[in-house]
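Residue numbering begins at 1 within each chain, and the chains themselves are lettered A, B, C, D, E and F in the order written.
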């Protein structure tokens, strides 16, 4: 099955991004296809490569980057939400790309299911 | 055609589980995740609402979130099923669409 | 038949429901949610908008945000019609428990019962809540 | 020695105004700000809680937040006082400490 | 008198209350709130910690976070004693409405009624809620 | 009177930072002293100079910077919370400074009142 994933909160502050990551990983392991992971609202903060959490905790940004590298998962950051919050191309961690809101709608159209994680 | 609803907030903090139950049809399923798993506890000031719909709606809770919060040894609402992330994926596949109660 | 062929060519038409559950200004979800609705309109999908719970506060008329120095985006809801977003529903129970009536709203809407909203929700392909 | 409590969440979304009322002593004050101002509306499913303590606790709401949400013409709970940001500062000065109910 | 002089020199001693109202893991407030408490201990202030509402979930024992891949910070509450943070209170009503008892908690605490917590809260100089 | 201000949420997503700004400005206009504004949790995102909201809306980051420039208000961003979320010295808008959590406690000690704005 084809899944679209929507992440609405930033890393660390809310569990939303962690849950989305665990769900996405489990879906891939079961052989499903991830159409796209779309980051909206504060979710755009998941793409900030400068995130440097304590070494005894998980690094949510890096987890997403690694997933993109290993499985070619498309990580799209909403341009309007990113500009508002000060995320630009220079800050993007590996695997993330900035694009328009249309990519979210398209994920809803192409995917069999759209699953939202937020606050 | 039946929906999977997800609820990720504590029933003691927010009214979202009540909102969800008001609009969830019989035959649909509700998966409790993140802080939503506190609604799975039996015998709390919030559990009556769920037990009242138990049977007509299928209730699930995410095991990893239950364990993280130290609730494994506590009594959970009867008939509620624990799933892991893989089971979460299966539920999304099984139901026609997902409504996340943010 | 012609129409059907056209639609197939452009991709499937899906039923999208946007569920507005949050009050405006206290958080940004209402504003950024509205931006998604406007974009979706351009994709020629079967879009509907539902205001339930605190979402009904989004379309309260007489909003005046000068005092909090934030942008009053409530007039934008009036633009939805121009984007061919015409299915706009409000749940009766949500309105009434907040002491609101249809007269309080900035746009014409169709008032539905909880049961009717439930039926509608069940028939959707994609549901996104803001 | 009396506290100023601030509440910034809708009483329809969260239980925070109930939590605050449970622990707020008579003689203290509650200032409703941001989405908390919806609790100032009269005749809603949430207003009873406040009117029950009206008099023993002083209730205030932030005018700019009331206006922003289009509530100026609606009936507010009797005895509730509207203040602007300058009045908010005065309240903080007047009471011994501030408890923000986050 | 000696002590008083010392304190005056180091600045005033104030009564700080940290009110923990939120569940752990779903949001970061509990974890980052704990970091503030540990820092405050170093300032030799009169610190107390109160767990009310969903805050009581923070000190539930048997937390096991491997499955969600987040750091289990509940053992850190046990370190509070070493930082001379010894006034730790839990509201009885919050515990009971959640079906919890003192046996569920990872640290020894003093159980107080709502009325007692109210009195305590009223006597503080600084109250910070997480 | 001396006020300390604690801001716990980022700009735009929650009204907390706006309310804190309006309160701080009103306090200054009434002749009070602002000991310090401390940014914690997602509040650290208020210091991101790249924030570029639509021109018809307020720019919360710039409002804080201007307040610091005009009235010398100290704007302190918590270093631990900032590292976790990828805010470093290179991203800081004018008037903001990164420092330790002790600065929050000190604001509570020195100030006559500590007022918190959050979610």
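Things worth noting here:
Operating definition for what follows: a residue touches a chain if its C-beta (ideal position, glycine included) is under 8 Å from a C-beta of that chain, and two chains touch if they have at least 3 such contacts.
Remember, predicted model here, so these are calculated numbers, not experimental data.
Chains making contact with subunit A as well as with subunit B: C, E. Using CA-based centroids throughout, the chain positioned farthest away from subunit C is E. Look at the CA centroids: the one farthest from the centroid of subunit D belongs to A.
Interface residue usage between subunit A and subunit F, two copies of one sequence, is largely shared: over half of the residue numbers at the contact are used by both copies.
Between D-F and A-E, more contacting C-beta pairs join the chains of D-F.
Centre-to-centre, using mean CA coordinates, subunit D is 26 Å away from subunit E. One finds 28 Å separating the Cα centroids of subunit A and subunit F. Distance between chain centres (mean CA atoms), subunit B to subunit F: 38 Å. Contacts with at least two other chains are made by residues 8, 12-13, 15, 19, 22, 41, 54, 80, 114, 116, 118 of subunit A. Residues of subunit B found to touch two or more other chains are 8, 12-13, 34-35, 64, 84, 97-98, 100, 102.
Annotation for subunit C: residues touching 2 or more other chains are 25-29, 53, 68, 70, 125-127, 129.
Taken as a graph of touching chains, this assembly fits none of the simple shapes: it is neither a line, a ring, a star nor a complete graph.
Inter-chain contacts occur between A-B, A-C, A-E, A-F, B-C, B-D, B-E, C-D, C-F, D-E, D-F, E-F. Within the complex, the subunit C residues that touch subunit A are 11-12, 14, 16, 28-29, 32, 35-36, 39-40, 42-43, 45, 125-129. Residues 8-10, 12-13, 34-35, 38, 41-45, 47, 63-65, 67-74, 84 of subunit D are the ones touching subunit C in the complex. Subunit E meets subunit D in the complex at residues 19, 21-22, 29, 52-53, 91, 93, 114, 117-119, 121-127, 129-130.
For subunit E in complex with subunit B, the residues that touch the partner chain are 22-27, 53-54, 57, 60-68, 70, 72, 74, 97-99, 104. Within the complex formed with subunit A, the residues of subunit E that make contact are 25-28, 68-71.
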